[in-house]
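Look at the two complexes coming up: subunit A is in both, with subunit B in one and subunit C in the other.
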Partner chain A sequence: MPDYDAIVVGAGNAGSAAAITMASKGLNVLLVDRADPPGAKNLSGGVLWGNDLSQILPKWQSEAPLERFIDNKKIGFLTEKSSITIDFKTKYFDENKVGHTVLRAKFDPWMAKKAKEAGALVIPGITVDSLAIKDRTVIGVQESGDTITANMVLLAEGVNPRLSIEAGLRKPLQDRELSVGVKEIIKLSPQKIEDRFNLSEGSGMASEYILGNLGELNIGAFFYTNKDSISLGIVSPMEELRKNGVTHTYDLIEMFKEHPSIAPLIEGGTVAEYGAHLIPEGGIESVPQLYGNGYMILGDAAGFAFSNGLVLQGMNYAILSGIMAGETAVRAKSMNDYSAKSLSEYEKKLNNTYVLKDLKTFKDIRKVTGNPKMYTVYPQLLEGILLETLWERGQPKKKVRDILSEAAGKMNMSKVKTLTDFYNIYRRM
Partner chain B sequence: MMDIKERLGTIKYDVDKEYAHITVDEAICEKCPHHFCVMACPAQCYTLQNGKLMFNYEDCVECGTCSVACDQGSVTWHYPKAGKGVVYKFG
Partner chain C sequence: MLKMAVMIKQVPDSQDITIDPVTKTLNRSQARNVVNPPDLNALEAALLLKDKHGGEITVITMGPPMADVALLECMGRGADKGILVTDRFFAGADTWPTSFTLASTADYLGGFDIIFCGEETTDSSTGHVGPGIAEFLGYQQATYANKVEYEEPYFIVERDIEGATETLKIGKPAVVTITLNANVTRRPTLKKKIEAYKKGVTLVTNKELNLDPNCIGLKGSPTIVKDMKTVADPVKTPVKPSIEELDKVVSVLVEKGVVK
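Let's turn to the complex of A and B:
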């Protein structure tokens, strides 16, 4: 008889959600994480849309270590000298309070603690060496020469899934499916944060930018408020970094911080922590076979993250995939069937949720987000229109139509290509 | 621009002195046409000194960037053992 019903590798959002789902239904669950405390190696931009948490942790909004709830969302372009943003503030955010900034080294240990309270055995500081596989079935994990066995192994090992890759359960990572996220935590007093960003106690702001101030590079950035700090960073597709080849990733984040619209927002703040993490951005094409005899793949390890240039989400996809895998495991246990056929229920469940639906709906989004003009020509064009219309220079005014055609001429934009771009945005975004 | 050394100084590590979780093959690095690792690594673990690639694993944040950035087969990449390595306070 195996040691456990299920072993979960990785106590991030996906792994802990799965462990809670299974343990609360009486399964004998081992949750291991290579960090001690669990979560201490995890890092993300920091906005958690927690809708799905209510299914497993109904009191999460009052109990979890959350930073600020999002009541103001901004999206924008930065050019060398300008910032053009849409500033969205709505009572809908206030009334629901589902979007929160979090710091993973605080939030993830809380979720792992909830898994323990649900009855899972949580062991931090364990790096699994490899999967134990027998007769084409995953039968457990190997750690320091020992084999720990289970009917099911849930692989929630994160964006760099060494175990899955080494066991041949998914292909090695490639440039096109990854971005490098670089982040800094900047300490600022709650008073300063609330004054600077027009917030009240507990409310927060989340901004995402397309950086048009870095030449040809297609790079995005984020800026979020925590209780007494700012989380800011850049998201650089690996392909872009390779093409560029002359700027260090650790300098790109500084170029964002030094932008004339960003620098004043962090003035007087001190860097409390620097960090970096990969981000899975390969979309549906990067999603591996999600299950097999004795295993399922969850969260970032399965490529479950979503980005369309306006939003960048992963934690919600991780949590929901964890719950779906957990429910599948509970069903498998009730039938005493851990075969691929039984665990195929996991994919069926995901197909009915936003996890796989979103990845399928936006399968061609890279035709928009990968278009270099989104980071060069279009921000400049917008800036040009705003300068001509909003800046009084004592010159005769022009119609928008004329501004556009002049700017297009200056930038050598062909009408057909531009219309094709807008058609792509309209169809795929 | 804040020096990367100073920023790395904000990170807490529990360095495993016995075990380097990443190793590079110097002979391969010597012939590498691009040394993209030097640009890509966010923790400045890869540097060029007089044209020679130098690597240290102590500042590594275990992101995995170099394992993909290196297309020459020089990087052997594992996670650290027993909770060693980066310990984020905020994450």
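Let's turn to the complex of A and C:
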């Protein structure tokens, strides 16, 4: 008999959610993570949309180490001298409190602790070497020459899924399937945060920007408030950075921090942490075969993350895929069938949720987020319109139509082309 | 078969400690806890003896309940048992009651052929505790050791004495403190860690040890911290040298052979 019903590799959001789901239904679960405490080295920008957590941890809103609930969301463009944002504040956010900033170094160990409380054996500080495979079935994991066996292995190893790749369960990742995120945590007193962002105790702000101040580079940025710190950073496709020969991503984050509308917000703060991490952004095309004899692939390892320039999400996808894989495992155990056929239930379940639905709906989103005009022409165009309409310089006023065609002319863009471009963005968003 | 103990202390990871720019005090709140680094070398020294001669290794720590993970980490590397010495009466101890309590624990556990300690800790670095334990127990002692061999009934200990190595032959029972990087430590394995987490650690409180409350914890600590001074950063005045001055600097450097 195998040592465990299930071994989960990786105690990120996906792995812990799966372990909780299975252990609370009585399965004998081993959850292994390379960090100690488990998950302590994980990194996110930091907005967790936690709706799904209620399924497995109904009291998460009062028990989890959350920073601030999102009460104000901003999206916009930055140009060299301007910032153009939509500032969305709504009672809907207040009343539901499901979007929260989190610091993964605290949140992930908490989730792993919940897995332990549910009955899983949680082992931190161990990197699993490889999968144990026999007769084309995953039968366990290997570490330091020992084999630990299980009926099922749940691979929740994150964006760089070495075990899955080495076992041939998924293809190695290409540059075009990845983005690079660089992040800093800047310490600032709660008082300053609440004053500067017009927040009350516990409420927070999350903003995302398209950076139009870095020339041709396709770069987005985020800026989130925590209890006593700011999480900020930039995200850029790997291909883009390679193409432009950018090696010093910290120069880019500095340029974001020095922007005239950002610098005053972090003035007086000190950088407490710095990190970089990959993000799977290959969309539906880079999702691998999700299950097979004795295994399932979850979260980032399966390419479940979503970004469209306005939001960047992955934690919620990780959690929901963890729950779905966990439920599938519980069912497999009840039927004592761990074959690919039995575990195919996992994909069926995902097809009925936003995890796979979103990836399918937005299969062309990269054509929008990768459209160079989003980072060059459009921010400037918008800035131009606003300068003409909102800045009184003692000149005769112009109609928007004329401003637009003048600006477009200056930028060498035909009207037809611009209209087609807008239509394509509209169609894909 | 050798009966061995390794004393370990949980300390904040020095990589994670920052200095608060305003108060100038150490900020440990962000720091993860790790096993005091030379204590892992002490454990390795014990494991090497066990590999060769067989035996049983007990890791012991005095600390708060959450220090159990430090013991489990050592068990994952091959120690057989973990003892967590914990009691609110033990809190606030300086090196005297720390040594006394740990020595009493060793005694309570029936004594050992050899007790390993680290040379010193990264968070207080007094280096008192190892010798303190030896004195309380009346064991032989050797400090700052790089290597320990066993030739029944003696331990052959190589000591690092700045620029030279001294080799000692000491009898049982003994306390030996091990230097940082004395050996290459082995990593914990999944299999051993699973066993460790399943087995758990054994708690020892003052109910078991029954030590005089005046000799333990804060009450038993003769040290009083009277004052703490923080040293201000030296004032740095930036200079803007002229081209001529820079030339002078360069020619001096060339003269001295620093640059070519």
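The rule is short, and it goes like this: the second predicted complex is superposed on the first by the 427 of 429 C-alpha atoms of A that agree within 3 Å, B and C clash if a C-alpha of one lies under 4 Å from a C-alpha of the other, contacts with A are read in each partner's own complex, and residues count from 1 in each chain.
The rule is simple: a residue touches a chain if its C-beta (ideal position, glycine included) is under 8 Å from a C-beta of that chain, and two chains touch if they have at least 3 such contacts.
Everything numeric in this text was worked out from a predicted model, so none of it was measured.
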Problem set entry | First (subunit B), second (subunit C), both or neither touched by A:32 | second
Exercise. Taking the superposition as given, does A:174 touch the first partner, subunit B, the second, subunit C, both, or neither?
Worked result: first
For this session: Pick one for A:134: touches subunit B only (first), subunit C only (second), both, or neither.
Result: neither
Exercise. Of the partners subunit B and subunit C, which touch A:59 in the superposed model: first, second, both, neither?
Worked result: neither
For this session: Using the touch definition from the top, say if A:397 reaches subunit B (first), subunit C (second), both or neither.
Result: neither
For this session: On the superposed three-chain arrangement, identify whether subunit B or subunit C touches more subunit A residues.
Result: B
Problem set entry | Partner chain(s) touched by A:104 [first = subunit B, second = subunit C, both, neither] | first
Problem set entry | Contacts of A:363 with subunit B and subunit C, given as first, second, both or neither | neither
For this session: Kindly classify A:238 by the partners it touches after superposition: subunit B alone (first), subunit C alone (second), both, or neither?
Result: first
For this session: Applying the touch criterion given at the start, work out whether A:348 contacts subunit B, subunit C, both or neither, answering first, second, both or neither.
Result: neither
For this session: Would you please give the residues of subunit A that touch subunit B in one complex and also touch subunit C in the other complex?
Result: 36, 40, 124-126, 272
For this session: Under the touch definition given earlier, write down the residues of subunit A that touch subunit B in their complex.
Result: 34-36, 39-44, 103-106, 108, 124-127, 159-160, 162, 173-175, 178, 180, 182, 184-185, 229, 231, 238, 241-242, 244-251, 254-255, 258, 271-278
Seminar exercise, completed: In their shared complex, subunit A is touched by residues of subunit B numbered 1-2, 4, 6-8, 10-11, 34, 36, 38-44, 61-65, 67-69, 77-83, 85-91
For this session: Enumerate the contact residues on subunit A facing subunit C in the complex.
Result: 30, 32, 36-37, 40, 121-126, 128, 141, 143-144, 146, 148, 270, 272
Seminar exercise, completed: subunit C contacts subunit A in the complex at 18, 21, 30, 32, 69, 73, 76, 187-191, 193-194, 197-198
